[in-house]
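The same chain A turns up in both complexes below, where it pairs with chain B and then with chain C.
For the complex of A and B:
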């Protein structure tokens, strides 16, 4: 070996270096013995198994993480789980790509450019939390507590909800999950049957059904593993499937009877079916007599709603409608009337449509029986409550939560009214938003109004995992730990295969990300609240488990999950509903008390104006809304969405499959470019795209501008008059190719009962663009 | 001489840490400037404000529109996986473990550039040139070249442009003087 000629530093460089206190070697310490699994074996072999709960979607399947050397290498279904057993879906498998995504948020950030620009500087947790607490106090002092509003989603958002609640705002929750999704369905079933038959989960026994009705439920396109599994088992067992959908969806492909209904007319179909089974004696008289109230009101309300009346409205053949209802009636009471989930379609009539589904199930006696709607099995655990956050805030004289919609307060403050109050100061100014677990710009209709509202706020902050559009618009961004890095509450599953399990960290949280519990606790402390007194969330988990006679250690020994005995069905003599009468309310007096229809009525929603089609949307099985679009595996599977256009319409327009187009809606708002899927599998009066694409956050490198966002052409909405949810299927689009604005031909003649949407005066064709 | 070089790598480790406190001090900038002069690299007055460097560090290395210019983690570059905590991370951990070391706090992934530069300083301080040669040849020097090009291509602030060039200069020197001779 030659003599080394090491570079010599100049004397002045040496002196300058010597003057510094450099961290250097302090970054390391002598190694301790390894505690991780063996690294000698390939892949996940030899890894340590850590049971936990998925959060790639809200279904939350039990999973097992394979951890080697402190690194998560694989995710599988928890074999102890009676619901999904070893299965996880594509998203569940891909959690690692979220955990280790270089784009994820790593440290608290403060905005240094304009809102939405994405110019940030990293700050310390102390500075970030001090800033949030200071602004919350300032807004409360200046405008009162109701000037604070919280947009939340998911179990982990509940901790910070407590902070907003304790500060006294009535706007401590306005969950897009209710006001943009399941609210109308949830309300309808709570009021009719006394329990939330469709909320986070749907208590519908497709596995043991002899017939299944899906009204625009796209099982298989939206994947919740145990739900899909039970649906498939039901079909395997020979259940007949009736699918009502303007589009030939994945379940339509499996249907015995497929009804390509005109959008907005589902309630007309359901009323006609009720009329048909009542007139023909195809309902369960014993069940209706002994377990329902209000039958006569329903009978009177549907008297004129014959199949022949509904057929031209729904644009369906009368014989197909009859064949379908007879198929369902023949299977009674073992008929699964799916209660639906995403229900915010047209505003007016959304709650009524789901009430109609509840009535149909009741007329079939398909409640509390195998194959019908069933009851949740209560799973025993302790509840860890905080007294300070427990009380209800005072309602102000003019109230967002109470004054607009009679049943809104069951779910919180309607999102659209929070946005309006922030934009206009009516009924009072809202000046600060906290956002947790929801990407509001890709979730709430009219994102342009949302951005306008944000620009009028004194302060906005969010807790996020990825730098979404919402993070880009926030003043302070708090980086949350993923579900793979934190404890959460104890999870119970109360469907057909109940269990108790717990989410626990598989790996140490990366960078400076923190759990929601820690963040909420630190914020509470700065606001002088006495909340979150436990040292950490693990103590809460232990406390809740104690109520079930378990500890984390004993649960881990059992594989992280304890299956429980289900109690979904009832003998008819034991049937008792949590309603005023103890029976199912077919006619709901609470609605009548608020001058709303106590029984469902068909309220036509305006049809597309000439030259336009209605925009509808759905899901792809490998993505959860806009949340998973930056996940490398899932992005690779389904990188962009397509616009479904009817083949006959396309041919008249001279458009081909694969053509790139832009949509322009009735308000002149344009989408990002999207490729056409030309297909006979959609009606000519609608176009369809999967939701969640068309990301506008430049910080998400894989998702940015891939496909088009439905949300950015959903600018027009109506509110459900019962609970104030915002409609999503009340927008109309036409197609721009290159610089040519093209009318969509009118191939579905309208009956006189159905009005057309009137375009604003002076609405003219706009050309070009796309961004 | 290795202890002098060790100080250089400690300085570079601090330079690639988030700007705040010591690494924003006039003394720190003075040392960077002296080293740059030693290497024949041009520098300006180096009168930088904390916010401009913090914004730029965030843009280059943490979160930025269009994605960060150059994620400072080996895992993103090694085997082209573009993901954190993969092969590049395992390599770094393996080298630390062979040196009988582990991270003092586990907040940053083991393959975070400042940690790898600090590890280089440790090996220089110990005079463990055999392990250093392997660490550079099989790991740090390989991915740092791609990292350096990505930083330079992103129109960086002159300070970070200087830091990557300075680091490349010293890594190249080490390559010439350590592993070209030990292999």
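For the complex of A and C:
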């Protein structure tokens, strides 16, 4: 038998060789139709194609799974997709290693040790769900519904959110994605332009732009395939690229003009640019007159903000600042002012900074035109009642969602206030957390406070795929199915290349994992609700597809995806914005009504104390937040992060590339060891590391303690006064090598306008933040 | 004669690693090895400005492949067919060989004895000896000729999110690769010491190609130091092969 196997192997090797005799004329003969599971061809050839949707990140590119003998062997982009066609990124290519990760949570578990210890016992699904439902009921009975809080992210979280909402808690959505990331940008554009120009997606037409402005957007380091593709198409077509960033990022390497700005001064730059284009008549007068309100307020607000005023604040050369704004102005209205994504930088001033970007785009008339900001194309699908659980929570007398920040409730309950309420009982006790699709300890500033809060809870559970830090701290862990093993809802894409598609399973659920729909339904049933009780989520998908005149079968015949016609631009005469005036609000009255600045103002954030540098962070293209660090292929590509340190500073400190160091922040919190990357590509007053590393869960065997976590030295935060997001770039670190605590030399003199952060004696600066 | 070739445009490359992962997935490459890689360079000062760029690498399918000349496996005659003209040609090949009509450098796995000579000889580190197999074999990029035959693109080309990888036949004057190479804009990763005609070319901003050549153009004539496997090595290889077959 074995011998025969050997012969067969040899034969197939010969077949492969024979295949080298390229038949026919072209190399690129039309691809042979998928034979539906022929396994004797090499690689992924001959596999069965199953169209679906990626969830290695939230961008959700259409994909096809290549399945041979019931095993997923490869993932490619769905060639029918006008957004990404056959392309998927490194993470998309590596989804298989999430599916087959040996460290996956395999069955429900109950905590047996202390919280955070990661000691568990295997239990049945019935026991796990009974326990969760019992505790939810108990907490509601004892403390009322608002004592429940739900931390959610991604497709897996949607159904369970409905259960929390139906139980009546105002804290049914508490998305770190908004309060730790895009919230301030989303709010700024909603209020100025009437739609969420930057939320999950960014409606900015880089493809047709003649110039592109990126303010600390690291396209290429954060990878969303269609976004990167359009950015590159724009550059290919000759768009000029202006990059503003304290660090020489991947896009900085491609920039025509790179401005290494002092962190925290971006708004000063934007105000000076507004002043410059207004004073020099480089703005679109027709657009401003007919389609904007509040121009005079803006003009007055930026009157004193000259380039010469901003130059020493931003630590930039006035001539470079002028050259950049003239480059952008020359391209108007086809200028892509990228609205930004991760916006929770300094707390105070974050919403204003993105409002300034909205104003700049408006002054250029770069809205609703090719190359500018554009409108989403509504994609028709039916709404299935069955995808919801009903209920509209009442607002309590003292409200976490409403009372702290005037615009928080647009996004949910601010995470920092949930954590505070859980720690202190103020404004009311929060006693139970449900967590789904988000690793809160590696996402939210001051994880020490988060752990303290968890220790005060009556109960905490999570639905997870991997044994993350958050799973370690949970009382009950529910093992979820990955996106490759389940149906979810219908997915629509409303950017430049719209389409409708569905996620469907490629393989059967592994181990005892279950889909989010099933888990939410089981929980609902135990809580006496009748939602999510369809036998199969497929019925919901069919119902939603009906609204688009499709069925699962007809969609499958079309390759799993139907492209649709885009409607991103408007004739000027047809421009109408979903704001009170129907025009873009350059000055936002809603802000003034809440005693907030209606037009952006430069509010300096404290500069690093002597001996410290500001800690900034970003992404590597092969990882999604802290979610993919244990993926064996992705881990192998980029196993640990590095600390970027300016070469001049390093040389003064006697440090060299590759040295292993530890960071200590202003509160005395230390990082895991991290290796130095010494480079001229970063300012001396900041250090940088990629986010997501420094895993603290031993059960993630590949990722454990690889690199350092930025999150564990981000203990100090301030809240955005508009919507309550928590800042992440308000921490300062110095370097410890061996036992030596080293000061980072002060190589960037401060102008008098910029105060330094005041260290408390012995580094006991107050941790945490608050209003 | 045709020569398959690739041009990688560093201006388009964002260093996302999709190519490396698509290759790993397509050919089930164990994580300790690679056929296709992305290394990062910079930010570093160059005479043309600050550069932060990437080295997406793979087998160069060289004009003068030293991996082929060091292969100790006795040549055997084989007949190849020109995919364009149908013309046939019989030549004697080692276990690794350069295809006479496509120019792809390939490995006949049935005859490879796993001695590792070719791995040592390659100045680009493009080959590895897969020791995860009971009967270790040399392995490397094939330009996905198996996929080309099925009408598919190379896996790395198909997934490249910015279309930075341009693939084709250098002898075909209408091909994009030919046009770019003929324009003189593309560079090869060579040095005074190592100039064996790589067929992967790079284009990009001057600062980026400068840094690429400075950092990764090989200087060591590694093939000159490859020791031929001893008789014992060859016998051991035969034993391994038999063992894994039994």
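Note that in this section the second predicted complex is superposed on the first by the 720 of 771 C-alpha atoms of A that agree within 3 Å, B and C clash if a C-alpha of one lies under 4 Å from a C-alpha of the other, contacts with A are read in each partner's own complex, and residues count from 1 in each chain.
Simple rule for what comes next: a contact is a pair of C-beta atoms (placed from the backbone, for glycine too) under 8 Å apart; a residue touches a chain by one contact, two chains touch by 3 or more.
What you see is a predicted model; the values in this text were computed from it and never measured.
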{"item": "Which superposed partner A:409 touches (first chain B, second chain C, both, neither)", "value": "neither"}
{"item": "Touched partner set for A:679, first chain B, second chain C, both or neither", "value": "second"}
{"item": "Contacts of A:511 with chain B and chain C, given as first, second, both or neither", "value": "first"}
{"item": "First, second, both or neither for A:89, with chain B first and chain C second", "value": "second"}
{"item": "Partner chain(s) touched by A:74 [first = chain B, second = chain C, both, neither]", "value": "second"}
{"item": "Touched partner set for A:632, first chain B, second chain C, both or neither", "value": "both"}
{"item": "Partner chain(s) touched by A:43 [first = chain B, second = chain C, both, neither]", "value": "second"}
{"item": "Partner chain(s) touched by A:711 [first = chain B, second = chain C, both, neither]", "value": "neither"}
{"item": "Set of chain A residues, in rising order, touched by both chain B and chain C", "value": "2, 6, 10, 13-14, 16-17, 19-25, 27-32, 632"}
{"item": "Complex interface listing, chain A residues touching chain C", "value": "2-3, 6, 10, 13-14, 16-17, 19-25, 27-32, 41-45, 73-77, 84, 86-90, 92-94, 96, 219-221, 223, 225, 228-229, 232, 235-236, 248-250, 252-254, 258, 621-622, 632-634, 636-638, 679-682"}
{"item": "Residues of chain A touching chain B in the complex", "value": "1-2, 4-10, 12-32, 39, 69-71, 97, 99-103, 105-107, 109, 112, 117-122, 467, 508, 510-512, 632, 698-699, 701, 704"}
{"item": "Partner chain A, residues of chain B touching it in the complex", "value": "1-2, 4-11, 13-14, 17-18, 22, 27-28, 30-31, 33-35, 37-38, 51, 54-55, 57-59, 62-68, 71, 73, 75-76, 82-86, 89-90, 93, 96-97, 100-104, 106-109, 114-115, 118-119, 121-122, 125, 170, 173, 177-178, 181-182"}
{"item": "Contact set on chain C toward chain A in their complex", "value": "4, 11-12, 14-18, 20-22, 24-28, 31, 38, 42-45, 50-53, 80-81, 83-84, 99, 101-102, 104, 106, 108-110, 144-153, 155, 158-163, 168-169, 205, 208, 244-246"}
